[in-house]
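Below is one structure, written out as structure tokens; comments come after it.
Should a chain be cited, it is by its letter among A, B, C and D, assigned in written order, with residues numbered from 1 in that chain.
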Amino acid sequence: MDFENSARSKDYLERIDAFMREHIEEQEEKARLMMFERDPLYQWTPPPELEQLKEKARAEGLWNLFLPDDEYGAGLSNVEYAPLAERMGQSFLAPEIFNCSAPDTGNMEVLYHFGSKQQKDDWLMPLLAGDIRSVFCMTEPAVASSDATNMEATATIEGDEVVLNGVKWWSTGAGYPNCDIAIFMALTDPTAHKYAQHSMVLVPMDSPGVRIDHMLTTMGYWDEPSGHGQISFENVRLPVSAIIGGPGRAFEIAQSRLGPGRIHHCMRLIGQAERALRMACERATSRVAFGKPLANLGGNRERIADARIAIEQARLLVLKCAWLIDTKGVLGALSEISQIKVAVPNMAQGVIDMAIQLHGGAGLSNQFALPAMWTHARVLRLADGPDEVHRGVVARLELAKYVDRDAARG
Amino acid sequence: MDFENSARSKDYLERIDAFMREHIEEQEEKARLMMFERDPLYQWTPPPELEQLKEKARAEGLWNLFLPDDEYGAGLSNVEYAPLAERMGQSFLAPEIFNCSAPDTGNMEVLYHFGSKQQKDDWLMPLLAGDIRSVFCMTEPAVASSDATNMEATATIEGDEVVLNGVKWWSTGAGYPNCDIAIFMALTDPTAHKYAQHSMVLVPMDSPGVRIDHMLTTMGYWDEPSGHGQISFENVRLPVSAIIGGPGRAFEIAQSRLGPGRIHHCMRLIGQAERALRMACERATSRVAFGKPLANLGGNRERIADARIAIEQARLLVLKCAWLIDTKGVLGALSEISQIKVAVPNMAQGVIDMAIQLHGGAGLSNQFALPAMWTHARVLRLADGPDEVHRGVVARLELAKYVDRDAARG
Amino acid sequence: MDFENSARSKDYLERIDAFMREHIEEQEEKARLMMFERDPLYQWTPPPELEQLKEKARAEGLWNLFLPDDEYGAGLSNVEYAPLAERMGQSFLAPEIFNCSAPDTGNMEVLYHFGSKQQKDDWLMPLLAGDIRSVFCMTEPAVASSDATNMEATATIEGDEVVLNGVKWWSTGAGYPNCDIAIFMALTDPTAHKYAQHSMVLVPMDSPGVRIDHMLTTMGYWDEPSGHGQISFENVRLPVSAIIGGPGRAFEIAQSRLGPGRIHHCMRLIGQAERALRMACERATSRVAFGKPLANLGGNRERIADARIAIEQARLLVLKCAWLIDTKGVLGALSEISQIKVAVPNMAQGVIDMAIQLHGGAGLSNQFALPAMWTHARVLRLADGPDEVHRGVVARLELAKYVDRDAARG
Amino acid sequence: MDFENSARSKDYLERIDAFMREHIEEQEEKARLMMFERDPLYQWTPPPELEQLKEKARAEGLWNLFLPDDEYGAGLSNVEYAPLAERMGQSFLAPEIFNCSAPDTGNMEVLYHFGSKQQKDDWLMPLLAGDIRSVFCMTEPAVASSDATNMEATATIEGDEVVLNGVKWWSTGAGYPNCDIAIFMALTDPTAHKYAQHSMVLVPMDSPGVRIDHMLTTMGYWDEPSGHGQISFENVRLPVSAIIGGPGRAFEIAQSRLGPGRIHHCMRLIGQAERALRMACERATSRVAFGKPLANLGGNRERIADARIAIEQARLLVLKCAWLIDTKGVLGALSEISQIKVAVPNMAQGVIDMAIQLHGGAGLSNQFALPAMWTHARVLRLADGPDEVHRGVVARLELAKYVDRDAARG
């Protein structure tokens, strides 16, 4: 057993840390504080500096670090990538600047693992280059999407075409002007086995019949310029070759996609929690009330200790999970993936809430990043599967040690 | 002991309930959903319908119900007003329509109890009439305002004038075009007893030297058209007669103001929690996943039960506290006022979070009022004194049963 | 709405308080501390002082206060009895001394409401006189008794006899030498409606075929001299007239019995929590560490405040529930009875655990009553229905506001 | 980073597991269940089988595995020992059988690191051989021992003698007939630096002036045959050579002792939590209520999942802490040692409480080991430093990243 990270991971971490300190964090802080100065407006156009920073990051080799492939990515294992994602996650901009942001990373992994040569050329290459953005269209407004078999959208095969219909929402990234491609998941063959009925289709966003109905807020935030869209697909016709991996493989692909997607979210959230704890400590040691620094009032130290303890535990679980994915694959880490998906967002939500409370009224306002951080953690208790569904997975795998698989399903 | 509410309180409740069903709730729902349709914009101008509804409510005698005075208000006791405030609190608009919204109610009580004849004529009357709005300027950005003695703003007496300087924030209501008057609290005499150094001054918002620096968001919300302002006061000169109750009485007035202010917040929050539970039950019984209504999945029923249990207990504590204020005055209810100020927002935050979770992604979006409701509850864990300060009051009064007062202060 | 207790309840409270201070509490303390001095031994024989105190209490009219009947009891309503039970509950001996202890009170209520003239003469009179003790035999070791329809014991009618077979446990009170009578619940007619299959039978403990197999510990305690027995019934033959209210009425009687039984437990537990908070405050103000009284260290004040807030809320819910039973009957208070059954033991467990922690190692030992108090609270999260079952009842009644009764059952 | 345990650790684990299955667990179960059959009595004499099993374990080389020394122990690192201690910890007898039980392990480490040649010969050797037992006498009844500087016992040097006076309690192991030696900590020189005033003295239990006043219960348990003693030392005279490492080094030694002591406790508690989860799953899948296995009722699956998630996180934190002690020493792991000391007992207490609840009434009784397990976890929230003190250490080390050391102390 060895808790030391690899030399190359440590080297990348240093470089990312330096890049973020030098080029990202101060600017991000300024941008947020500017909201005070102007009439609030939604910036659906990414600032030009973003593209410049992306180029710079790419030039420095801080690019596509998430992909465990030597050629397309940096060839890092998940456990090596974890500290990097954690550091990037402390900023809302950094993941994008390093081309490591959701949902693009997940979509790239889908194309990397399941895409045809043509699909890779058309979409994976420009995504890896950071030239375009993408959305993942799975969740639907009309049904409980925690149960994916509820899905109502259809991808019907008619001859050599596939015809798409349905309404999807929570399509994060739909706000980008260069969001060019969607991965659309829908029902193809209701007569097939429960988990072989659905397909994933690559849909150019400018296809006739594709329309962004409107954007959604999360806890009041539009999350511009990325945003979350509700998108309708009405008789969208595409060649059958637009289906990833062929018809009926959507669940298989989704499971493969969601493993890394979830762990990346969790890695970044650890970073957010760590950032919140730092802010809490800075506030606690610098602000005075009733004649003492806040750190010396009431239960504040206990809360800081509890936050440290919670973060350490959650981080170790994420690392263990990453190591399992590296050594045994996603299927060897099913319980752990669901475990971190429950543990980390709840932990982060709690730590950030504590930091808000220590900041007083200011902690609720746009003076600090804390409200956006909290919202991000809260969203992840639902996104990529609600807590309850993941607890269900963990329990099923636990009970399967004692009864047969069907009984464990309940 | 009798848990039945009075006949006239029940009568008012019926009328308020009918008014809200008929005139308020559907429109409010529509207004929120409209956010989907348009480019988001902040409405700092209250809609004209609001004024019409206020007139209607006033005509029906559903007006100023908060004030336990037969002439100016409805003459209801706090315990009689509680169920009405709870019902109003289920809407974000209703309290204003019935002229029972914060911070105006608190400010009116200050003027009612401590205002001079002239101050009442100038400001209480138009507030009671709903013609103008007001702000309360106490909290400051530069210091920990949980400890009010930290306050840096000054109200210096020079001859027959008082000169105001300082920066205040979290001045809720500053966004209203007809927000005409501020109550400004500041240091007058640093040589006086700790709790006799400060004054409250009535400051017309159009006084030279008064400037709204900017508005603040709470968890991403601008809470327009009311909003929360940061306001600077620079050499604002007013006659000494603008001081409420005379110099040095600010702490005395603040304590008197905050008692009813806090309990009214709590009453309304009970309403929000009740509304969230209703939404949770409706969702749980109407939405299906994994072949069952959500109500029959995992721990959902337990969470619904826990919410019911938590709401009932918190409501009873608020009622008990109201009864104590009615029968023994604010000073006879100090512990209970702090108790509800801790218990109710935390309870409401938890219940609303549960309801969000049951709604899935939709619960985070502007499709439902839940995010705004959550934010409101979260804010109240800091506004009017953070949880920690109120826990401190409760503990001090508890320990004073065992040791003398100074030792109980710690 | 009125939170003042009645004059006669206040009068009784004063007298009970004086009696407990004068005659009970010091002795109880001494008895516990004596455990240090001797080789531990289990006192299955009640001390003679107990009978003397019972006589004294009876002579002073502090007797059978639980029974809302003017002749047999004191004619107090539940809401009037609540503060008395709370005060008695602060001692482990007092309820018995005032003839108000479980399970006798519940059994007396069964006989009072459902017993025949003969049954009352034979068993209710001696119980009201405090001459004998009783047990209630419902729970069984072999099945999940949270679902009472699981019950395996039988009460088969053969001619004019009823024949009893089965094993019951958690029969509290079985350790008393004068435990003369059991109420035994068992299956009589499996063909009847689900809730009309069972009967309750009065079984003299000296009937042939009745045997106490062994006693049970709760968290290590034997709870002597009362104790919890496992009792087997083997071909016990009794006349049919031993059945209370006639065959098939056991569920009806049980529901009626458990309402008051549960609320009495909760009232007493409020007393235990209040006692634990008092102990915590006394320790916090008298014990010094790191140069300060414990009260001024870390989060201790916050915990004391939280305990106060939790107790107040729970007490009010119990009082409201008592008032509902008084004014609308047990059936009008079903949700509230289950609500307090969840809320109060959990609250008490938490408050007592906090008090233990404040007492350090001593708090775990027989130097203080805290471990026994904690155990008592913990037991009540299972006795008379586990938390989970009561949460189910609360949820069902909540959801029934939105869907029909069958759907609410889930 | 590598989460795989070493080959030799895995080999030891297999052998310990086999030994426990074959020789310990069934017998232990039987012994507990025997309590049903007899009048309860306290077995202060260890059963003869215990000594036989110790011999057997020693013969198989499963002996002193805790000591990272090739000669005296097995030469295992802490991280290699962790899984073994976890497995042993699932039984109350196993640690003793493998000569790895508290407080002997801690006392042996003290002697190993700080003992003179003579002290080692006299006391370390027989302890390593399992021939005698020992107690650690630090905590005192009269003062808050969470602050060790409160200590009132004295070890006064008079010429070449040291004279001991004081009363100690919570001396675990004092009940063993072969408990021959005590390590006694007391004040030697009040004029020295705060952390150099105290000494640790080796006191043969048969020294004149040593008396076991009485034993203490924990939550009602006597924990026989080990037990927890209150021991008085009255003018006990010993040669100065009885002081370990010389006068004034007690705090230094204590810190060194408590590091491994605490982590061993935590390792074993992970085992207890794992055992409780197993019991919960077995019960949940085998017991039926309301027509379903308990696993499929209400929130039971969520609780099982939460337990799994909590255990995994706590175990990883313990392993990380062990690895830090191995690679950086106790001083390099101060925060982590306090972190696990908070995290693990609280986690275990929660998991075991959940398991109790799933077992219904049986879970509270001596039919299952759960009450003893719960008590053990609860005790460890106070033993070796209460949660609050350890949270204080974690917070201090956290805040020291932002302010200087003195400010971080608060």
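The rule is short, and it goes like this: contacts are C-beta pairs under 8 Å (C-beta built on N, C-alpha and C of every residue); 3 or more make two chains touch, one makes a residue touch a chain.
Everything numeric in this text was worked out from a predicted model, so none of it was measured.
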item: Contact-graph distance - origin chain A, target chain C; value: 1
item: Of all other chains, the one whose Cα centre sits farthest from chain C; value: A
item: Intercentroid distance (Cα basis), chain D paired with chain A, Å; value: 42
item: Centroid spacing, where centroids are CA-atom means, of chain A and chain B in whole angstrom; value: 37
item: Centre distance in Å when chain B and chain D are each reduced to the mean of their C-alpha atoms; value: 52
item: Junction residues of chain B - those touching two or more other chains; value: 298-299, 301-302, 388, 391-392
item: Touch list for chain A against partner chain C, complex; value: 298-299, 301-303
item: Of all residues in chain A, those that touch chain B in their complex; value: 35-37, 39-40, 42, 139, 141, 143-147, 150, 169-170, 213-214, 216-222, 228, 287-290, 294, 297-300, 356-357, 360-367, 371-372, 374-375, 378-379, 381-383, 386-388, 391-392
item: Residues of chain D that touch chain A when the two form their complex; value: 1-6, 79-80, 277, 281-282, 284-285, 293, 295-296, 301-302, 304-306, 308-309, 312-314, 316-317, 319-320, 323-324, 335-336, 338-339, 342-343, 388, 390-396, 398-399, 401-403, 407, 410
